[in-house]
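Order as written gives the chain letters A, B, C and D; numbering starts at 1 within each chain.
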């Protein structure tokens, strides 16, 4: 059996088994089944590593069947495990395993963990479909599939109507992006007659395709990426998606699914490298998102919402990297972000668990004594994301900044500011949650407890990864050669990736800026929040209010898009469909009635009249026959 | 045929029966008394009968197909008269009228 | 194969004799069509062969030489016959015989008519079956509508009948022009028309089909009929009947009035796309589940019509596949609504909620149908919608963008429906009430198709692809321009 | 007399009587008079049959029509007590309409027959209308229809009886009256 099939099979099997029999199994069995399947998938993927590593162009491909066939235009269910997809696969299954393990404990008190694990497995399956598919169609399958799973998991506690609304919002916003992706695919088929990566991308790389086509395709695909990766203007679903269970937020809305957009762009590196206009668009959209997410994150009091906006912002960082053509860097940041953001989310989950399902940091504080492991790991995550030197986030973010610096100085300044905000809000979160005095009113500090090993073990592992993750792609100035990831990915890029290597002085300058940013964030938050005994500001006035209300973007969307559509729906239904169309069509009614009344004079039911008509008609017909035959 | 009638032409019978038929038809259209209507129908049938007999003679048909038809028409007419009168009697019993204009229940 | 028409007729008569039938006997009755279909293996195998044209399988002289009782089959017909004869048993399973005894004979009668429509290879025969298939629906709405049965039926009748008459006029006109006044399919499409003639003839066909499909401004009869008709009537109407209109476009309009295609193409395309968006926007705001499905159906079918009018391979293939899929899905939705209404006494979204809590299996099955309609990948809605949108895209990019809005709106209203009926808080009506599993059987069949078509569309497409190719060939030959 | 000049006098007289009788049937206001006029008409038609070599028909016509059917009519008239001029008179307009319709048909049919060639009757077929000949034809070629007429008669009879039978309700009603 093809290894790709095996990798895909395990999560699918987990989904089916848990979905069909799960509710009859004991909780422990069903949940460990779910975790085991992902682990097996992970192990399978690792076992294929060497296969790919030894051969520069090595990849394993698997053609399952023809999905459909249009007069020889084949749409195949085919898969490939190449350097890029195995990287993603390892992230997905690796972090997936940890999060499954974590969920075993986290979902223990839920009524229906089997359902949860079957959804989660199905998500992993779809995510793997997305990265393993060797054509745009399979990728789209996974793309929509993860959206669906995201819908299911956000709305997992389905009895809460607002969770359901959040789930639907996520799905619909994703669908807007999907439409762009779909149209992009149609354009690809129209111009290249195929959806296979290894047919389309080389054709693009040849450079004979017109620039308009490539740019349009690139922008359309990017619209898809915007939806999935929560970029402006399609980002508002992601914070709402925090309605789902925390492991879901960690896996789907931080580590894997939301990075699908980055994967897409990296996969289509050849296309984007030849479409500078699209790149520029990506750069500025990413930049705006990074800034906006960070700004809003400053004034959120829900522990998960802060992390959600942080994710939005970090995704913006990644797109900025893509926008300046630093594909490896973007993927590097995807990787490190997967580590530390999963860590942060799981840590947040642990906190939420510890304080009995509360999420408002205004009611926390001083938890570090009660939850030491969670605190330390959370601290590591915060340091990593804020760019503490030599931690993973430091390297990846620094690389992005360096690349942007060479590309556009204004963008660089803005991005540095966003990074500064990142450090600020992350330390604000950390200090408000773990430091200072306990601010809870309706529960006692002594009720807070550390989570069990199933939850802390993933935290520890992820913390270690967050610390060491930078080693995956050490910068040029340290090693005087390309980082591991860069050389690993090099064969998959059809167009040579132009890597900027600045001289030592610039590099030191950039690093010192980064360190300064980190320190500023730390100091600012420390002074402001570390010893706060009262609740943090709720943002009641001025700019703070705007930030706390997320720039009113949801309200604006509501007013500008949702309401008009609903209004149109009502108007079209009541006025147009019912009154007008019905009216026009059945205004024939009076006319018919009138002629009917005339008719009734003739058709009066009296046989005598009928007889006269009959005779007259017979005479007429005979006469006609006679005189005109 | 008697020899004195050798100058008779088929068209004369045609005209005669057409006139008879039309008179019967006029009666059907004009009169309201159901019994008279029936009588007019009988008249029309007889007009047809006459023509059939005339044509039998005209064709010199030894099978006498035309006359056979006359027989059958008479049979049908007799049956029709019987049933028709029975209906009239019944209607009269219910409505005390034999006026057909009263029977306009076809309306709905 | 003529058994496919006559056996249901006989069975309809038989079933009309008794009033209380065991549901399994009814199922056997309803399955007869499918059995005959699969039994005629040779014919079917021939129908899906390479270059299979619309080959005659039954031919009796009927009304003189001009009109024959002539049935034909090819992949397209076969596929739609499959749809009809699969859906009829599914629908029959959802009938409660004790309350509505006339439904079964009417349904079987309709089955005969539908099978006839798809197989008819003679203009007048097609018209005959077309009307024959409608008659039972009139009675269903008249007898069993929950409200305004008379008005609903009359409106439905007037609408469809005006359309049908227009088609009859077109057919007769073609008949008078053809060789020896023959109404044979091949004779009719060989008739050479001038552009003006063709536009008029085409208008006749289009009116009939547009009303039946229904296309955007001709849909006025549809929402009320779907809403007030008995559930089975709505299933038959939306699941199978409206495919008659689409089939008619494909099989009859395009080849017969091919000269007018260029004239009508942009018009219909715009109407279809308007219908897609229009139906979807209205569906978003409906609270009555059946009405919501009615408008969603308007939206979906508009896309199919648009795909057909794009006149390319992917449009035809996608349209056929989507006809099947839409039939399956919409019947599934109506069955689900029917189950909800029967068990919880309402189908108004404001009065429902939380059904999923104590009806896990039903929730899963219903959800599968919903995501099938939403066209999520790996469900049956996706391949068809993909092909259709692709065909529209190949025809015109802007249309594709607007038609593509359906994938967004569809998610909005479908999930809204699911959310407010199945999820959320329970209310007093839905608390702790479980649906008997026996009622879910038809949904299992639907779910099977949702998954199997979603995973392996090519299995299904193999049935008709050769035929769509040759049909497109005929059309482009008739047009004189290769499309 | 123009057209009629070369016609044999008996035919003319008979035809005249026939038409006169028919007209009286239609126009008479007293139904009994109508019946009597119709009987006259039937007599003259029977005479025509004799002229047309249809001797048996002539007899049967007298017996069945003039004898049986018309008596039945009279019977009913008497039974229902309708011998008075009870019929509401229709308007002139109605008469004109009826006359036009019937006249139109007359004109059209006459015109239609105009095209038929004027031919003298053959007379080589002696004994067509005799019982012997008719009986043979009836019992050979027309046997099946002949049998069917029997059934027709039976059913007509049954029908008439059923229709004529009074319901219990009717009895009550008529007793009230």
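Definition applied: contacts are C-beta pairs under 8 Å (C-beta built on N, C-alpha and C of every residue); 3 or more make two chains touch, one makes a residue touch a chain.
Just so it is clear, the structure is predicted and the values come from calculations on it, not from any experiment.
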* Structure fact -> chain A to chain B, mean C-alpha position gap in Å, rounds to 92
* Structure fact -> When centres are defined as mean Cα positions, the distance from chain A to chain D in whole Å is 97
* Structure fact -> Averaging C-alpha coordinates per chain, one finds the centres of chain C and chain D separated by a number of Å equal to 61
* Distance between the centres, which are taken as Cα means, of chain C and chain A, whole angstrom -> 37
* Would you give the residues of chain C that are in contact with at least 2 other chains, written as numbers and ranges? => none
* Taking each residue of chain A in turn, which ones touch at least two of the other chains? -> 612, 615
* **Sites on chain D at which at least two other chains make contact** => 97-98, 101-102, 105, 109
* Quick one: do these chains touch in a line, a ring, a star, all-to-all (complete), or other? -> other
* Structure fact -> Chain pairs satisfying touch are A-B, A-C, A-D, B-D
* Along chain A, where are the residues that touch chain D in the complex? -> 612, 615-616, 618-619, 622-623, 626
* **Touching residues on chain D, where the partner in the complex is chain A** => 97-98, 101-102, 104-105, 108-109, 111-112
* To do: Name, in rising order, each residue of chain C that touches chain A in their complex.
  => 155, 159, 217, 220, 223, 278, 281-286, 313-314, 317, 354, 356-357, 360, 364, 371, 376-378, 382-383, 386-387, 389-390, 393-394, 397, 400-401, 404-405, 407-408, 411-412, 415-416, 419, 422-426, 456-458, 461, 465, 469
* **Complex interface listing, chain B residues touching chain A** => 25, 28-29, 32, 100-101, 103-108
* To do: Report the residues of chain B in contact with chain D in the complex, numbered from low to high.
  => 1-16, 18-27, 29-33, 35-36, 38-40, 42-43, 46, 49-50, 53-54, 56-65, 67-68, 70-72, 74-83, 85-90, 92-94, 98-99, 101
